[in-house]
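Take a look at the structure below.
In this document, chain identifiers A, B and C correspond to the written order of the chains, with residue numbering beginning at 1 in each.
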Amino acid sequence: MMLSVRDLSVVFTDRGAPFTAVDRFCLDMDRGEVVGIVGESGSGKSMTAHALMGLIRRSQVTVSGSAVFEGTDLLSLSREELRQYQGRDLSIIFQEPMTSLNPTMRIGKQVEESLRIHEKLSRTERKARALDAMALAGLPDPESVYPQYPHQLSGGMRQRVMIASALVLRPRLLIADEPTTALDVTIQAQILETLKDVNRKEGTAILFISHDLGVVKALCGRVVVMKQGNIVESGAVDDVFYHPKEDYTKLLIASRPARKKLRGGGTDG
Amino acid sequence: MGKALLKRAGLLVGTLLLVSVLAFAAFSVIPGDPTTSVLGAEATREEIAAFRAQHGLDLPVWQRYWSWLAAFVTGDFGRSFKFDMSVSELVATRAQVTLVMAALSFALIVAISLPLGLISARRRGGVVDRLVTVLTQVTMSVPNFIMGIGLMFLFALVLKWFRPEYVPLEDGLGAHLRFMVFPALAVALPKSAMTVKLLRGSILGELGQDYIRTAYSKGNSQSSALRRHVLRNAMIPVVTFLAMAVGDIMAGSIVVEQVFTIPGLGRLLITEIGNRDYPVVQAIVVLLAAVVVGCNFLADLLYRVMDPRIDGK
Amino acid sequence: MVFARQQNSSMPKKPGSWYLTIGTVLTALMLLYIAVGFFWTPYVPSAMSAADREAKPSLRHLFGCDSMGRDVFSRTLEGAGSTLSIALAVLAAGAVCGLAVGALCGYYGGPVDALVMRLCDAIAAFPSVLLALVVLAVTGPGKYNVIGALGVLFVPSFARLVRGEFLKYRDRDFVRSARLMGVSGLRIIFVHILPNTWPVLLSGLTIGFNNAVLAEASMSYLGVGVTPTEPSLGYMLKDAQGYLFTLPWCAIFPAAVVILLILGVGLVGEGVRERIGVAS
């Protein structure tokens, strides 16, 4: 088992009464596995991902439970110890590729930042590995993208830059937090293909978070359905998709626009 | 970038010309002949005629403007009505004093506000931050000359750190600067308060951005995220503000010179306004305008260098 | 503590409410103080009393007396009133003209707008104290000249502010529908758009007020503002500077009045900006 999450809870205490965003979340993931978390907005799926990445460590937020990654409980680590994992063993890409990139830093520098933090390499070595990661993320002509700034790229390209910078150290786990939601449909399909490729070629496990069961079905083997911070249903994607037990899951399936269903089926084949 | 800059440069020259026309026109339509205030009421007709001829006052306005402008760009600012010397000579020594003070003020603003803004933003909500917030709000409300009087009272009269007497550059650079630091501080403090506030807000604004979350997810520590990502972005509005502040620094210097009786451009300007010595006043106005407009141009340039997004537009 | 993602909700306490509360209280107190001065001063401000020369602050003379035996409290009351009335007049002149220019330029646009705004940019690039100094050099000192000079110089900044707001609202749906219903341009400007710009205008007015107070006091201090016979905090400070060590109260009290006036109004402006979510 690569990742074993037990009773992960996230409680906000900064708005008067404590608010439980994630309630005793459990998940097991094997190496190279692709698992999806689905739920409507506010279901706690993104919060779960950010908690695993150590991104919501604040004084007004209590994160409890355990998340054992390759034998180490990430949640028990100090901020300083956790930094050794972030970007190296596990990394994350976000929903908004526009704002998730530093507007005044060149693309190449952002892609190789994890290298700079975690490894001592010469400038040329760093650049070579950055270009390699950019090619893996499906960026056409990495050499010419390298010196550009985010505003010069399209949304899809920016998300590929995010993927490249997340993959530059070949982490064992990539958390993808709604990576295609902000993109239009055709780009969405291409990005999903790229993630599939990465999973196949590099054996990177992917925890894919989405509100769209169809997208999850196209990519993941297993799925966890979340509602208001709780897991309501989980299992193999096909089981959940074709034989949903919970009304909530049925609603999620039914609420998908037909247009997306068509495309979701298309990329499945 | 080149085209936009060229446009700005054109605008700069245009603004300066406009200022020079306005300055010239203002002092040409002025009620009351400067000759009477300069030569006195008892001046003979011949004396007045000679004075007018000497300063070209008998020529039409546009002709006077043209010859004045032509001479001005070559560094010849004309002759003073009051003193028997060229304006350039009169202005040069005074300008040096004011420039030292303005440069010192600018340096102080940077030296005071950057660390305070950083600490305040990093320790948001902490004791230091609260203290800084209150102090900046109060300091911002103190006019330069009152700040000058306050500093004079505290440091010259109570603590006796300096004598309230101007020390010229000829007495040595160290002694000169040791005196000038106090008037410069009077100019710098209120502006520093504004800069601290702006920088703090700017840093906090950047810290809330999504790309900072990305930076943390890559394993950046708080200080490296601040250094590598936040600072540059947060400095963009601050640098622009500082370059634009030069105008206020010059204005502040002029007022504070009066407080500390420093023989700079400001004092010259005030006394020569009283003397109706227009060639001097005109020259100072246009020179100050050139500094202000030039710094605004510089602000624009820096902004373009620091923010690659401007380029594409 | 690590702020991976700072949200507004995680702020310990928004200072906005405090700014507005303290600012309003302080401004109200200052206005009350000045209002008293309009109707009553304990002594005739210009009356010299040989017996009270250089008197320390006491119950008889709250703020003490100056070197000529004039009551500093009375003079400060009068001077503050003068400063306030000049600042308000400047603000009224600048705001009304700026509003008209900005509203027309912003609403109608076109080449006139472009030209006027270039001119405004050029003027607004200069600090108002410097410009006022030059204008007063031409017109000579005096209360009304100060008002005129500063008033004119304040037009560009207001015009720019108002224009920006009008640009924002010009193409909103409610304006469009009003236009389609045949409402006249002027009526749209004043009835439909103007009320929406009020918070931004208020914030601009507080900044303008403080600049006016600052400029007036500085001018008078430099001796190019109001004439020496007119009451003025700037003049008092200039006089007091000669006796800074022996009669510090002559400087402290007028200075405090200027600072508190600016501070109070500045805090109100800060509070308004916090509330409408505009960065200062």
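Throughout what follows, a residue touches a chain if its C-beta (ideal position, glycine included) is under 8 Å from a C-beta of that chain, and two chains touch if they have at least 3 such contacts.
What you see is a predicted model; the values in this text were computed from it and never measured.
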From the C-alpha centres, identify the chain that is farthest from chain B. A
A count of C-beta pairs in contact puts on top the pair B-C
When the C-alpha atoms of chain A and chain B are each averaged to a single point, how far apart are the two points in Å? 52
Gap in Å, rounded to a whole number, between the CA centres of chain C and chain B: 22
Which chain C residues sit where two or more other chains touch them? 2-5
Pull out every residue in chain A that's touching 2 or more other chains. 54-55, 79
Please list all residues of chain B that touch 2 or more other chains. 213, 216
Would you tell me which residues of chain B are touching chain A in their complex? 209-211, 213-221, 224, 228-229, 232-233, 236, 306-309, 312
Chain B partner, complex, touching residues on chain A are 53-55, 79-80, 83-88, 91-92, 94, 96, 99-105, 113-114, 117-118, 149, 151-152, 162, 165
Using the touch definition from the top, list the residues of chain C that touch chain B in their complex. 2-7, 11-13, 15, 118, 122, 125-127, 129-130, 133-138, 210, 214, 217-218, 221-224, 237, 240-241, 244-245, 248, 251, 255, 258-260, 262-263, 266-267, 270, 279-280
Taking the complex as given, what residues does chain B use to touch chain C? 11, 15, 18-19, 23, 26-27, 30, 124-125, 133, 137-138, 140-146, 149-150, 152-153, 157, 197-198, 201, 204-205, 207-208, 212-213, 216, 222, 244, 247-248, 250-251, 254-255, 258-259, 269-270, 273-274, 281, 285, 288-289, 292-293, 296
